[in-house]
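Here the chain labels run A, B, C and D in written order, and each chain numbers its own residues starting at 1.
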Amino acid sequence: MSLVDPARAGESFIQLLTPEGERVTHPDYAFDVGTADEAEVIRGFYRDMVLTRRIDVEATALQRHGELGIWTQLLGQEAAQIGCGRALRPHDYVFPTYREHGVAYCRGLDPLHILSLFRGVDQGAWDPNAHNFANYTIVIGAQTLHATGYAMGVQRDGAVGTGDPDRDTSVVAFFGDGASSQGDVNESFIFAASYNAPVVFFCQNNQWAISEPIERQSRIPLYQRANGFGFPGVRVDGNDVLAVHAVTQAALQYTREGNGPMLVEAYTYRMGAHTTTDDPTRYRMSEEVEYWKLRDPIARVKAYLVRQGLADQAWFDEVEREADEIGARLRDGCRALPDPNPLSIFDQVYAEQTTELADQRDGFAAYLESFEGAR
Amino acid sequence: MSLVDPARAGESFIQLLTPEGERVTHPDYAFDVGTADEAEVIRGFYRDMVLTRRIDVEATALQRHGELGIWTQLLGQEAAQIGCGRALRPHDYVFPTYREHGVAYCRGLDPLHILSLFRGVDQGAWDPNAHNFANYTIVIGAQTLHATGYAMGVQRDGAVGTGDPDRDTSVVAFFGDGASSQGDVNESFIFAASYNAPVVFFCQNNQWAISEPIERQSRIPLYQRANGFGFPGVRVDGNDVLAVHAVTQAALQYTREGNGPMLVEAYTYRMGAHTTTDDPTRYRMSEEVEYWKLRDPIARVKAYLVRQGLADQAWFDEVEREADEIGARLRDGCRALPDPNPLSIFDQVYAEQTTELADQRDGFAAYLESFEGAR
Amino acid sequence: MSKVTLAKALNAGLRKAMDNDPKVLVMGEDVGKLGGVFRITDGLQKDFGEDRVIDSPLAESGIIGTAVGLAMRGYRPVCEIQFDGFVYPAYDQIVSQVAKLHFRTHGKVKMPMVIRIPYGGGIGAVEHHSESPEAQFAHTPGLKVVTCSNPVDGYFMIQQAIASDDPVIFLEPKRQYHADKAELDESATPLPLHASRVAKAGSEVTLIGYGPTVKTCLQAAEAAAGEGRSVEVIDLRTLSPLDLGPTFDSVRRTGRAVVVHEAHTNLGMGAEISARITEQCFYSLEAPVLRVGGFDTPYPPARIEEEYLPDLDRVLDAVDRSLAF
Amino acid sequence: MSKVTLAKALNAGLRKAMDNDPKVLVMGEDVGKLGGVFRITDGLQKDFGEDRVIDSPLAESGIIGTAVGLAMRGYRPVCEIQFDGFVYPAYDQIVSQVAKLHFRTHGKVKMPMVIRIPYGGGIGAVEHHSESPEAQFAHTPGLKVVTCSNPVDGYFMIQQAIASDDPVIFLEPKRQYHADKAELDESATPLPLHASRVAKAGSEVTLIGYGPTVKTCLQAAEAAAGEGRSVEVIDLRTLSPLDLGPTFDSVRRTGRAVVVHEAHTNLGMGAEISARITEQCFYSLEAPVLRVGGFDTPYPPARIEEEYLPDLDRVLDAVDRSLAF
């Protein structure tokens, strides 16, 4: 009952760039950048992944320094997130979990919003409509139903299957391998299939749900779950940004055209801890981590760019410099985030404030003032 | 997105007795009664189905006469229930929904227990261990997890995969086509697959969940749901008692041997209303009902027995007489069911009574007595 | 003006809301062709189409979870939960998502969702069809919880709930659906949604009910009047936020209060109301606030539900006990 | 005798229960190799094997639903819910199945299940990791609900809960897991599971706490003593059934009571306790029962949780207000 390693087994494992940085082809999926300059686009992916990793590394360090309460590292999942994030159009809509910092970056969300959540300043209070990027959801799986409902709204707005690329809209629901066991996720498959809703279910199978390996959740490759619900599922090398981009692009198009949902399993690996409070040495072997280090999503793009002569050292240095800049901005920005006013919580519960809560606020304000007076 | 009628389409639709009463063969499944006399067994099935239908008809009538609050008719699903129920061994365990009166009958449960529930005398308070037949569960899908947990217990007791037929145990979880959409049902698939638990998921697809047709729940044949979870699923003609028996027997054996779960979809039809309070004319065409009448599960066995000369009129009359007897017993028994003592509810909440509740009971008893006194 | 049942009034209110705002959707199990098992959505799918009156797969978490997404896309979903006891599979989506999204996003996401739940007992049903889950929702900040006791309130309150930008748990006393008819003047000006009202004036004891128990309270007041006792009846209407102004006014006059609900007494609405009355009217109280509720057992089988439910006699008994203090 | 934390005491109690009865199983997310995110089940899988310490798929309804089946097969499952806020996906199985099977079957099915929930705030966590869901469970007949405030209670109460033939919601104040050590004498005779206790004797005000707030109450009593005020502290321990005997005795002496919990005040345990004290001790009360609870907003972000949680100052303030009546 153990999973065959698809990186070796091949079948329905779509790869376009090997860990060694060689381009390969696939009969069904091609890396397609339309009229853009391919090298430019790949350099862009590289830059995106490096900057995303830097955001992640800085945030991890900030947590270690006590500036964040906790941090959910994405280390190792950059290709899955950038490949998907860069395949989206602005009017597509994303429903993330709590680890899609790379997708957030692609959507243009200021990472300080995310730090704000993990610092405990707020709960991720960004405006989802500003970047068509919904708020982080911590209850496992819940957001897959929100994505499906949103997609049902898209259908009702007539924004699917029209053939107009500026109108047709897809919705991406992120979730993890562990999440695939939740009732909500399976119900979202059912609703999306029943209504033919334009949802791409994007599963980052990073092999672990905290300490539990993927075998606890499924005895077969996860992308095959879709078979049970009557829509297509594919497994892509989640550490191959070109393949993820190609497959996501195809899935988005498939859903936008009104064919109903599609499942993409990005086969990747959580190279770090589950969160900064987790200790993965308790449950997994270091050899496994070593094995996956050889499949690093960034290293293979760099190898490709270097070998093909598509980028020189000066260019790589420039990306590093940009990363340093982002790092510095995050460190300063995080420390400068203002603590919320405790009284604000009473005003945020309802759209229409209640007398009850206004009274509770006033009572608490008076109580706090009594201390001011006492000082 | 419409379902092909598998009665016509064939693929993975296992049938051993046609609606016209002709025996047919299937490459994978054969009707196998071991050392018993086949004709005797088939006559037994006929009798079981007729008696089950009579129980159902009587209960429906009792409801019309105000003796029951509601009744969940099984009309049309006799073959699915008897075929399955008769394939079980005594030490197998059944988790029903609220419509498995035929299975209950096979397990030896007195139908008055069921009438008691629908009369509102109790909530189905039979001892599940008396017949290895769990209590009816009304919340859709909940029992599929109970069945899976029970099967996990069977595993822990070493009662699976030993090869000893008196020891190896399977657990059958009944559910409907509508139930297949519930999170709980899908989670039960996940747990059973993950632990390799000996569960037969037995879905009676009777085409309707109250007013909603099967298409609302699934865009593909339901038995294929199992594909998504990595265990086998088959569709059987649910109106063919021989096929249901053969397929269930195989599924039970498969699970008992320790291969993990299996899904059986019994493709059948709810010929009556959802319950006695339902009005199906609001949502379905009478032609559909007519179509299915031609596929009546009892008629085809009768045709077979008659044509093959395996039973004569006297025998059929005897079965009718038995049915009359059961009917009379149910009518009298139902009316004689004693109303519960209101005070009893306080004693049934906990295994270890609480002071709080004992006090509440005493208070209510005193209150009731104050009326006695007043009279 | 016409006489209508609560069921018809709710149907008319839903229809009006759908007419007024194309973003209003109705969704749930069997709400389409069947019109719901209680026929509250009868005819709506025929008139507004399958895109606006949505039969859902059989999954309550799915209904509420997709409604969250629809609300985020700008729709105003009105979800039907078929029976009270079937709301629990959706409980997580309700308390952790529906209730919290406004707070989580500092108001950037609004949840103009109505969750209609036929609730309460007395209809001779099997298990899970007679529950009163209001306290659990009222305990959850971010939700608003209301319940109607009569057709007129049903007609207006459902429209007000749909118009509200906050999520509203809308509890419908199913026992009353087809019970009593009332004159409905659609042009009348309704009370605000979150206001309670004095259903009958009185001076000696304050009886507080809501939903299905308002009728019982009014009958009790009448019976008490026959014995020369003047009982004031409050119909709460809104359970979260609670509008206890009229209750406090009343108790300050009567000095005595009895709360009546079908939900389990322990930690039911009566507990909160008792605590608040005691906090706010301490020096006016001649007796402790008494509670008449469902017992602290699961809802019993139908043949004894009348014993379980607070009825006229138990309410009168409590009134007597209160007066005897 | 040794000094242990609550976390260690619970671990030891679980181990003892598993040693004593081979039918006891531990199940949940990450309870195996990892020993749970709080390490409460640390080492148990190593010693009792994967069949008795079961890592489950990531699905709370699945955990509780399969535990029901295991209990029916004769096992005694001890389920861990990873954090309070993640119990809601299992809510339906808990309230409609776990709580009701004994009642439904007139006792023919027993549910000797323990559902362990690390609960409460104050650990600087993100959303859904600091909830106090006790009132919802206590409102549900058929469940028993207990909570421990210290290592000694943790050690004995978890064993008593496992030994109980009724389902027990076992609430563990996560903030206390690693906070204070206490001497644990494993041979001592514990209080019964469903008994509250006087944690500190006093004469002027009765302070009632449980779980994480007992420590705050004791600190308040000490601070009040410094100002010459004598405060009695009750540690409730059992929330359903409630054991209010010691509380009533106390209030009859003090005439004043303050209930302290982290859960939202509205419809929290304080409401029920206030209602019952008022019913039972009406003529003894010098002041209304006051409540110090979490506010009626969702749990706030960590940077302001200390303002949200009832702390020493807010408790003392309530004591003062009570005394001022």
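By our rule, contacts are C-beta pairs under 8 Å (C-beta built on N, C-alpha and C of every residue); 3 or more make two chains touch, one makes a residue touch a chain.
Only a predicted model underlies this, so the values are computations on that prediction, with no experimental measurement involved.
Looking at A-D and A-C, the interface holding more C-beta pairs in contact is that of A-C. Sharing over half of its contact pairs with B-C by residue number, the repeated interface among A-C, A-D or B-D is A-D. Inter-chain spacing, taken between the CA centroids of subunit A and subunit D, is 36 Å. Subunit C and subunit D have CA centres that are 31 Å apart. Taking each chain's centre as the average of its CA atoms, subunit A and subunit C sit 41 Å apart.
Subunit A and subunit B have CA centres that are 44 Å apart.
In subunit A, the residues touching two or more other chains are 122-123, 139, 180-184, 187, 190, 194, 216-217, 345, 348-349, 356-357.
Residues of subunit D in contact with two or more other chains: 56-57, 59, 61-62, 85, 88-89, 92, 96, 103-104, 127-128, 141-142, 242, 266, 296-298.
Contacts from subunit A toward subunit D in the complex involve residues 69-70, 98, 117-123, 138-140, 178-184, 209-212, 216-217, 277-278, 282-283, 339-340, 342, 345-346, 348-349, 356-357, 360, 364, 367, 371.
By the touch rule above, subunit C contacts subunit B in their complex via residues 29-30, 32-35, 37, 55-59, 61-62, 85-86, 88-89, 124-128, 266, 295-298, 300-305, 307-308, 313-314, 317. Those residues of subunit C that touch subunit A in the complex are listed here as 25, 51, 54, 56-57, 59, 61-62, 64-75, 89, 92-93, 96-97, 101-110, 112, 141-142, 144, 164-166, 194, 241-243.
Those residues of subunit B that touch subunit D in the shared complex are 95, 122-129, 134-135, 137, 139, 142, 144-157, 183-184, 187-188, 190-191, 194, 345, 348-352, 354-357. Within the complex formed with subunit D, the subunit C residues making contact are 61, 85, 88-89, 91-92, 95-96, 99-100, 103-104, 127-128, 135-136, 138-142, 240, 242, 263-264, 266-272, 274-275, 278-279, 282, 287-291, 295-298, 325.
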